[in-house]
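Presented below are the structures under discussion, each in the form of C-alpha cells.
One chain, subunit A, appears in both complexes that follow, with subunit B as partner in the first and subunit C in the second.
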Partner chain A sequence: MIRKIAVYLLLTLAALSFLYPFVWMVSASLSSEAGIGSLRLLPVEFTWQNYLTVFDRIPLGRAFLNSVIVVTITTSLVLVLGALVGYALARLEFKGKQLVFFLIIFTMTLPFQITLIPNYITMVRLGWVDTYLALIVPFVMNSFAILLFRQAFMGLPQALIDAARMDGAGELRIIFQILVPNVLPTVVTITILTFMGLWNDALWPLIVIRNEQTMTMPQLVTLFSVGGRADAQLGVKIAAAVMLAVPVILLYLFFQKHFIRSMASSGLKD
Partner chain B sequence: MATITLSHIAKAYGSEARVIKDVSLTVNDREFVVFVGPSGCGKSTLLRMIAGLEAITDGDLLLNGDRINDHPPKDRDIAMVFQNYALYPHMTVYENMSFGLKLRHVSKAGIKERVTQAARILEIENLLDRKPKDMSGGQRQRVAIGRAIVREPKVFLFDEPLSNLDAKLRGQTRLELQKLHRSLQATIIYVTHDQVEAMTLGDRICVLRGGDVMQFDTPVTLYNEPANLFVAGFIGSPPMNFLPGKLMGTGNSVQFESESGTVCLELSAHPHRDVYAGNRGRAVVLGIRAEHITDRPGTFSHSQSTTVDALEHLGNEIFAYTMLEGVRFVARLPADSVMTINNTATLYWQADKCHIFDAQTERRL
Partner chain C sequence: MKLTSKRLTPYILITPYLLHVAVFVLFPVAFSIVLTFHSWNIISPMKYVGLDNYAHLLKDRLFWQSLWNTVRFLLVHIPLQIVVALALAEFLNGPIRGRAFFRASFFLPVIVSGVVVTILWQQLLGFNAGMINKVLTGMSIPKVPWLESPDVAMYAIALMATWKNVGLYIILFLVGLQTVPMQYYEAADLEGATRWQKFRYVTLPMINPTIFMVVVLSTIGGFSLFIEPYIMTEGGPLNSTLSAVMYIYRQAFQYYHMGYSATLGFFFALLILAVVAVQKKYVEE
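Moving on, here comes the complex of A and B:
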C-alpha cells in the first residue's frame, strides 16, 4: 500500500513538473503585466488584453491560415508519397531496391542544418523564395514516413494484395483502398509527427520567407517575440506562444488513442 | 464454357532452377481438377500462374483456346479463393463481396442481387454487415467463396481453402464444395496437400512432385493404377507398403522375391503376369496397400508369417505394424481381428492387388 502511494506520489510530481510550466504560461497570458512576476497558477488581475494586443500588432490570423495551408498540404503529400514509396520498397521487385532503401535511411541520419544552405540556394534558383512552394516542397518526401509505411505494408499478408488484384484493382487502388486503411495507426503516427514538426518549425520559414503575408505562425511569433515588436511585454509574447501551441495540443488530444496504440504496435494482421 | 490448357508451362525465378518444369494438361469445361503434392512441389505456383499472379517463364496458357499468358488477372475472368481467406479487414462482408463487382462497374442493383443470391447459397445472409474479425474461420471461408461466386467467373481457383479449418469443419465444407460445384456448373482447379481432399473432390487429380506432373487421372485410376512409386506412396492412407526385390520364375510361373528372400510372392494369377514374366530378373519394388493385407485367407492369398510389433485400434478397424527386411509394413485389419503384440502371426496378402515398380525408373510395370 505504502509502495503504491509512493509510486502515485512520484508520478503526480512528474506530471506536475510537465504541466506546471504550461499551466503557468496560460495563466500568465491571462494576467496583467504586473502580475506575471508571480509563479501562481491562477491569473493575477484577469485580462484578455495580451491576446488583443497580439492581434493588434501582427497579422496572426493570416499567419494561422498560412500555417494551416502549408501543414495540411505538406502532411497530405507526405502521406501519399510515403505510402507510394513505402509500397514500392515493401512489395515491388526492381533493380537497386536495397540501394534506394539504404539511401533513404541514410538521409535520416543527416541533420537538417547540413542541408539548410543547399536547400536555400535551390529555393533561390527556383525562384520559390517568399512562396508556399518553399515551405512545402522540401518536406514532402519524408524518409521516416517511407520507412514506417514500408514496415507496415510488409506486415500485411501478400494474399490481401493478390485478392485485390484478382478483384480487378490496380496498384494505386491496392495501396490507397486496401493497404492504407489497414495501417491506420501508422497513418495517424505519421500525421501527428509530421504535423507537429511542421507546425513548430520556425527556422526554415525564417530563411525562405520575408514577406509578412506569407509567414507561418511560429515564424511570425518568433519574430514578434525577439524582434522588438512586443515592446518587451512578456504577457503579449506568452499569449502569442499559447496560440501557437493550442492547435498541436488539440490535434494530439483528438488522435491520442490512435497515437499511443500505433507507438505500441506495428500494425494489423489479417 | 471454360477449358484451360497448359502447354509446356515452365516457371523459373531469375537464374535459379525451374520450379515448374514442363507441365502440359487440359482442364475440361465444368471439370473439378485437383492439384496435389507435398510442400514445395509447385502446385500453388502453378495455380498462381493460371490466376495471373505469377509470370509464366515458358509455354502457353490457353483459356478456351485463347492465349492468356500476358493478360493481367482482372482480364482473365478467373476468381480465386485463398488459403488465409484474404478478406479485406476494414470492409464488411457485403463490401468484401461487392468490391470486385464495383470495379467492374456492375450497377448497384446488380451488385445487391448477386451478393444476396451468393449469400443465400452460402447461408451467410445474416453476416453481411459484419467485419471479418467478428467471424469464425468457417464463416470467413464462406465469405471468401462468396466473393468468388458473385463475380460469376469462368474458372474458380481454390488455394488450400480448407487447411485453416478444424477437422470436423473441413469434412463438412468438403461436402459443401462438392454441392457448390454441381450447382455452379463451373470449372474448378483446387490445390491441396491433403490426398483425402483430392480423392473426395476431384473429377481428376494431378499429382505433382518437384515441378513435374507425376500422374493426371481420375481418383480411382490413381488409387488402382498408380503410374509410379511416388503416386503409389502419396495416394492412399496409410501409405502403400514397399519392398525391394526381384522378379523371378520360369515357364508359366512368375514370382516376386524380396532381397533377403523373406518374401516370395506368386504372381501367376496377377492381371499383369505377362508383363511381369517379360521382366524376369529385373530389380523391382513391390507395393501393396494396407487394405490388401488381412488376417483371413482368401483367393490368390499369399500367407506371410510375421511378428506384429504395434497395434492401433481405431474402433472400426485395426492397423497392425510389422517389420519385413528392415521395412515398416502396415496392415488394415477388421475390427474383430485378434492380434497380440510381439507374437508371431500369419497375415494374408492379396497377391493380385499388389503393384510392381521398376526399381530404377520407379515406373509401374
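Moving on, here comes the complex of A and C:
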C-alpha cells in the first residue's frame, strides 16, 4: 500500500514537471514584463501586449502560412512517392531490387552532417535559395516511409491485387485505390512523422532561407529569439514560442495515441 | 501505365527514387570528399589545397573543443535518460490508474519543437528570475549559475534535452517491458526474489536490446545537437556549449569556409558511424 502511494506520488510529480512549465509559459506570455518572474499559474497583470509586439516586429502570420504550405506539399509527396516505391519493393520482382534496398539502408545510416554543406551548394547552384523548392524537394523522398509502405503492402493478400487486375485496373489504380486505403495506419504514421520533422526543424531553413518572407515558423522564432529584435523582452520571446507550439499541441490533443504510436515506431526502426 | 509492358513497371516506379538519391545523397557524399581537398568561399573558383584542410582540422583547437563538448553532453545525457526513462516506465508498467494521462504528459515535450523547449528552459534556468533557482532557494540550496558558468552550461543543456526526449524512451521501455514473459516473474516469486532482485536479474537482461537502442538513438541525437545551444547560449560561455554541428555551421555560414566545413562534416560523420559501430559490437558481445 505504501509502495502504491509512493508510485502514484512519483508519477504525479513527474507529470507535473512536464506539464507545469508549459502552463507557466502560456501564463508568462500573458503577463506584464514585471510579472514574468512569478511562479504563479495565472497571468500577472493580464495583457495581450506580448503577442501584439511579436506580430508588430516579425511576419509570424506569413511564417505560419509558409510552414503550412511547405509541410502540406512535402508530406503529400512523401506519401505518394513512398507508396509507389514501397509497392515496387513489396509486390514486383525486378533486377536491381537489392540495389534499391542497399541505397535505402545507406541513406538511413548516413549522418546528415556529411551532406549538409554539399546540399546547400546544390541549392545555390539550382538557384533555389530563398524559395519553397529548397524546403520541399530535398525531403519528398523518405527512406523510412518507403520501408513502412513496403512492409504494410507485403501484409496484404495477393487476391486483392489479382481481383483488381481482372477488372482491368492499372498499377496506379491498384496502388492508390486498392492498397493504400487498406493500410491507413501506415499512412497516419508517415504523415505524423513527416509533419513533425518538418514543422519543428530549424537547421535546414536557417541554411537555405535568408528572406524573411519565405522563412518557416521555427526559423523565424529562432532568429527572433537570438537576434536583437525581441529587445531582451522575455514575454515577447515566450509569446513567439507559444505560437510555435500551439498548432502541434492542438493536433496532439486530438491524435495523442497516433502521435505516440508513430513516434515510438520511428524509434524502433533499428 | 496500363499500356506499358509489365517488365518496365517497376523501373518506372523506382526512377524518381533513384534520381532523388543520386542528387541528394550520392552526389553530396562524393562532392563532400572533393570539397575536403579544396579551399572555397563559394564565390571565387575552388582552389586545390591537398591535405591542408585535414592538417588544419587536427590542429583546430575549437573543433576538438566542440567534440569534447558533445562528449560531455552525452556523458550526462545518456545515463540520465536511461535511468529516468526506465524508472518511470517501470512505475507505469503495472495496474496504474490514469496511465494514459501520465503517458501523454510525459510525451508532451517530445512533440514540441526544440526551439520552443529551449526558449522555455532559457527562462527556467535564469540565475535570478529562473524557476529552478527559485525552487532551490526555497529549499535553502544555493543558486546554480546554470547558463553563466562554462563548467555547468553544457550539463544544463543535457538536463533540458533529457526532459525533452525522455517521454519517447519511456514508451520504448514500456514496449520492451511488455515483452518480458510473466512466467519469469512468477518463477522468481517462487524463489523468493525481492522486487529489486527481480528487476536486476529478470527485467534488466530482458530489456537489454531496448537499452542499446536508447543508447544509439541518444548518441545520434546528441551528435546532432545544434538548435538548443544556438538559441540558449550561442555556444558560450567561453565556447563551453559550442557543439560540433554548430561549429560546422559557423565555418560554413559565418566564415564561408566551404571546403573546411565539409571536411569537418565528413570527419564528424565518420566518427559517428564508428561510435555507433563500436556500440553495436559491444552489445553483441
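As a convention for this text, the second predicted complex is superposed on the first by the 247 of 270 C-alpha atoms of A that agree within 3 Å, B and C clash if a C-alpha of one lies under 4 Å from a C-alpha of the other, contacts with A are read in each partner's own complex, and residues count from 1 in each chain.
Quick note on the criterion: a contact is a pair of C-beta atoms (placed from the backbone, for glycine too) under 8 Å apart; a residue touches a chain by one contact, two chains touch by 3 or more.
Note that the structure is predicted; figures quoted are calculated from it, not measured.
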Fit or clash between subunit C and subunit B when superposed on subunit A: fit
First, second, both or neither for A:P181, with subunit B first and subunit C second: first
Touched partner set for A:A14, first subunit B, second subunit C, both or neither: second
Which of subunit B and subunit C A:L65 touches, first, second, both or neither: neither
Apex subunit A: angle to the C-alpha centres of subunit B and subunit C, given in degrees as a multiple of 10: 100
Touching partner for A:M166 - first (subunit B), second (subunit C), both, neither: first
Contacts of A:P111 with subunit B and subunit C, given as first, second, both or neither: second
Touching partner for A:Y120 - first (subunit B), second (subunit C), both, neither: second
Residue contacts with subunit A in the superposition, subunit B compared against subunit C: C
Least C-alpha distance (whole Å) that remains between subunit C and subunit B when both complexes are overlaid: 9
Residues of subunit A contacting subunit B in one complex and subunit C in the other: 168, 268, 270
Interface residues, subunit A side, partner subunit B - complex: 157, 159-160, 162-169, 173, 178, 181-182, 268, 270
Sites on subunit B touched by subunit A in the complex: 48, 51-53, 72-74, 78-80, 82-90, 99-100, 103-104, 132, 147, 151
In the complex, subunit A residues that touch subunit C: 7-8, 10-11, 14-15, 17-19, 21-22, 24-25, 28, 36-37, 39, 81, 84-85, 87-88, 92-94, 96-97, 100, 103, 106-107, 109-122, 124, 138, 140-141, 146, 168, 170-172, 196, 199-200, 202-203, 206-207, 218, 221-222, 225-226, 234, 237-238, 240-242, 244-245, 248-249, 252, 256, 259-260, 263-264, 267-268, 270
Contact set on subunit C toward subunit A in their complex: 1-2, 7, 9-11, 13-14, 16-18, 20-21, 23-25, 27-29, 31-32, 35, 42, 88, 91-92, 94, 96, 101-116, 119-124, 129, 131, 134, 163, 167-169, 171-172, 175, 213, 216-217, 220, 223-224, 226-227, 230-231, 234, 244-245, 248-249, 252-253, 258, 261-262, 265-266, 268-269, 272-273
